[in-house]
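Both complexes shown next keep chain A, but they swap its partner, so chain B is in the first and chain C is in the second.
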Partner chain A sequence: MINIQDIRDTAKDLLAKGEVRGVIGWKAGTRGMDAEPVVITAPEQADELVWDPTCYHNLALYLVEDRKFLAHARKNADKPIGIVAKGCDARAIVVLMQENYFKREDVYIIGVSCENTGVVAEHKLARQLSGFAASAAAFAGDEFSFTTAKGEKKVPAREVMADRCLECRNPFPKEHNATLGEDKTGRTLAAPFAALAKFEAQGGGERWDFWERQFDRCIRCFACRSVCPMCYCDECVVDSIEMKVLPDTTAEEKANRIRWIERSADRSENITYHMTRAMHLAGRCVDCGECERVCPVNIPLRLLNNKMEREARERFGYEPGASIGGPSLVASFRDDDPGDFIR
Partner chain B sequence: MSEQQAYEPKIVAFLCKWCSSAGSDLAGVSRIQYPANATPITVPCSGSVSPMYILSAFKKGADGVLVSGCHIGDCHYMEGNFLARRKLHLVKELLGFIGVEENRFRMSWVSAAEGGKYAQVVKDFVEDLRPLGPQEKLKAQRT
Partner chain C sequence: MEKTLDKARLNDWVAALGKTGNWEVHAPALEDGVWTYQPVESEVSLDHPNTKQPPKGFAFPQKEIFFSFEQIKGEPARLTEVKPQAPQCAVFGVRPCDGRGTVRMDRVFTDHVADPYYNARRKNVAYVGLACNVTPAPTCFCKSVGGSPVSSEGLDILLTDLGDKYFAQAVTKTGEALMAAADKLFAKVSPADKKSVDKAHADALAQPQRAVKDAAGAPAKLKAAFDSPLWEEMARACIGCGICTFLCPTCHCFDINDEVTGSTPLKGNRVRTWDNCQFPDFTMHSSGHNPRENTGARLRQRVSHKFRYFHENFGMLQCTGCGRCVSECPVGIDIVAVVNKVAEHVG
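Moving on, here comes the complex of A and B:
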């Protein structure tokens, strides 16, 4: 089990020696038990850092934000930035480096192992605490310990863990500068792609009925896009912000600009948006499950991304986030790729 | 379309400039009879077909989408069709996954000398699409 003080000491040490310009981590949040992301820039702030089962966020997102901020300010970073990373965060960082979004020396990864646990799923926890809200959560071996108004309650981690963590095989950050906790790579708490296999057992008609219901609900808040570390495009295909409207731009030009997807929350547009997103994430999604967690209308987005992930693994032997130097899924091919569907 | 008129599937065919487009041309100049349901769109290479093209075609009311390129190994750009094969396999799987009928999306390799094959591909596609009826799932509700 990871001692929280070790994370703080590592961060403090790095900042005091001036090896990094900041450390991205989690601190205690203001909403009940939930942690929230934080960037600390001074050694004395290191004691704010926490590590508990509510550290849901994929912090790789903030590396992207940092990069965008620097690019905007036309600055070059003189030192790397430190980041506390879970297994999934580290995989996301590897994918970003594979795509040359930043270089390996630009980031100092303090890897934390989830060991035999992961992060909490709020809806599962609610059933366990019989209506009482938890004010704090902590790791306790293979259990989670929650502080509620009725005192401390211990719950086996397996029962309240998020599905994405149960299905996770790599809870240990393979790419790292320093690590804390035991390497439990290859652990199996639940069968990988369990939810996907169950869903796929249905016929095409039922699958359509299901997705029709899901996509009808989408309100196009773009939370999934905002929270995704892989959705870093300056101009998303959904919104054509780059169209320059000048005094002499005619109404026709404005009307005829290419719009692949409308922004209206119609079913057809929602489907196109989510399908496009799934395609853009194929071979890049590291299954951190953040899109599904932040969705305000609970669309099971992980299913789409898992489908792509499993296709990549089974048909093309490709695993996202495995190596920095390797080619990406859709920019590479093998002579023996399946082609039996082609006439 | 009035009730009396028989349903005719609309196919959008993305044909690569070097092979399939010339193949469809050959079918024409050879006077091979084949259904007129396919609207050909010439693209530089099957590898240039973005998933957006396919989704967009369905959104605009296509009943079926065909992507056709050079045979493996014959790509004018060396590896375009290898990339297309991988990418469009994912698109096909994704369409099937959300419950769109599998027969609505098709890929074929048609060389410039295979006019007869192109005619056959379109013929088969139309026959497979007919029982499925109009494609309403991905079609835009508002235009």
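Moving on, here comes the complex of A and C:
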């Protein structure tokens, strides 16, 4: 089990020696038990860092933000930035490096192993605590320990863990500069793609009815996109922030600006948005499950991304986030490619 | 008008309203783990926490079509006005924070500018509220922004759960009409009922909540902190999604677009949709310049609108303390902590 002091000491040491310009990690939140993402830049801030079962966030997102900030300010970083990364976070970092979003030497990865656990699923915990809110959560071996108004409550991690963590086989960040915790690569708490397999056992009609109901509920807050480290496009298909109107821009050009997806949150537009996102994540999604966690109306988005992930695995033997130097799924060609359209 | 209603008769009341042919009843229901307002015929059980989305969509839907257009080649464009189809709706189970949200939406769309679309819907909606005499959610803070868990502001009826019955207090004429539509189901208030409801309300008010420490001082503090570097620091984790404002009972910004639905002949609709100050293109100028170009400036805008600008414009805080933006934020940005931190910083 990881001692939080080890994470703090590692961060403190890196900052004190000037090896990194900051460390992205988690700190305690203000609204209850949940941790919050934080970027610390001074050694004395290292004691703010926390590591507990509410460290849900895929912090690779903040590497993307950092890179965008530097590009916007036309600055070059003189030092790498440090990041505390779970297995899934590290896989996302690998994909970003594979895509040349930043270089390996730009990032110092402090890998943390989830060992035999993962992060909490709030809806599962709510059932366990029967309405009592927890004010703090902690790892306790294969259990989680929660502080509630009624005292400490220990719950087996498996009963309240997020599905993404139950299905995860790589809770250890393979790509790292330093690691903490035991390597449990290959662990099986639940069969991979278990939720998807269960869903696909239904008939096509039932599945379509299900998705219509899900997408009808979408409010297009775009949290699924905004939280995703892979959704780094400067201009997304849903906003037209790059359309600049100059004095000589004609009315026709303005009227004909590309709008693949209208603003109206209705079935056709919502489905187009989610399908577009799923396609853009094929071979890139590392199943951190953040899109599903943040959705305010509980759309089970992992089902879409898992479908693409399983296709890539079964048809091409491809696993996203496995190696920085390896080929990427959609930008590489192999002689034994099963498709014939490309020959 | 004050009456009591046996809990066993709630469904009869709902059914009676439906049978009058004048009312479509909506109430919170759990669908796929999300509490949403759904049309109901008779089955209602008011044991929900607050709904994920506030009831603001009844008068201010996320999508409103203003008119449709069609252009056949060689002919003049044809425009067809679309009037809101707004049947009379009775919305059950509205919590007091959302009732107070309605008051604020009315100020914007009725008192300030008479928006015909909003008002066509609004005049046909009645809110049957439910007092919060239960343990508040950890993110509730209505008391510190001038509200209360038993406030009837903005509601047509306030129901209070007294165990085996509801204490029903009609606040408006519409509320009285809703109760009169099933008059026989209601009973007279006994002195014991009166005592019970007073106790229930007192207990509800005594429940501890988180607090904005000095809401009355917030407008001045926020003004003083306009240029503070705190904003960027506090928004460092913000991912720029639209959860906080789309789920807010008082956010009312909108956008208007022409949306094409067919090309031969060219046709489509002019549509009003909710807009969102947290999106990157919200205040972007056509030149590409954006006066609120980062998440810090956008967080400041959201918080200042709730706790300063609205107060300057209408003399009341816009925030009603429902806590949705706090509990639903993917990265824990917490408006209570933000306002308190600004106040502390300004001193």
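Details
Everything that follows uses one rule, which is that the second predicted complex is superposed on the first by the 332 of 343 C-alpha atoms of A that agree within 3 Å, B and C clash if a C-alpha of one lies under 4 Å from a C-alpha of the other, contacts with A are read in each partner's own complex, and residues count from 1 in each chain.
Everything below uses one rule, namely that a residue touches a chain if its C-beta (ideal position, glycine included) is under 8 Å from a C-beta of that chain, and two chains touch if they have at least 3 such contacts.
Remember, it's a predicted structure, so these values are computed and weren't measured experimentally.
In the superposition on chain A, A:K184 makes contact with neither chain B nor chain C.
Looking at the shared chain after the overlay, A:R91 reaches neither chain B nor chain C.
In the superposed model, A:D239 makes contact with chain C only, not with chain B. Contacts of A:R213 after superposition on the shared chain: chain C is touched, whereas chain B is not.
With both structures placed on the common chain, the touch criterion links A:H123 to chain C but leaves chain B unconnected. Contacts of A:E36 after superposition: chain C is touched, whereas chain B is not reached.
In the overlay built on the shared chain, the residue A:R263 is in contact with chain C alone; chain B does not reach it.
Put simply, chain A uses residues 262, 264, 266 to touch chain B in one complex and chain C in the other.
Partner chain A is touched in their complex by these residues of chain B: 51-52, 55-56, 59, 72, 79, 82-83, 85-87, 89-102, 106-109, 121, 124, 137-142.
Interface of chain A with chain B (complex): residues 200, 204-212, 237, 260, 262, 264, 266-269, 271-272, 275-276, 278-279, 282, 304, 307-308, 311-312, 315-316, 329-333, 335, 337-339, 341-343. Those residues of chain C that touch chain A in the complex are listed here as 31-34, 36, 52-53, 62-63, 135, 137-139, 236-237, 239-243, 246-247, 255, 257-259, 271, 273-274, 276, 279-281, 284, 286-288, 326-332, 334, 336-337. Partner chain C is touched in their complex by these residues of chain A: 29-32, 34-39, 57, 61-62, 123, 131, 133, 135, 213-214, 217, 219-223, 225-227, 239-242, 244-246, 255, 262-266, 290, 293-294, 296-298.
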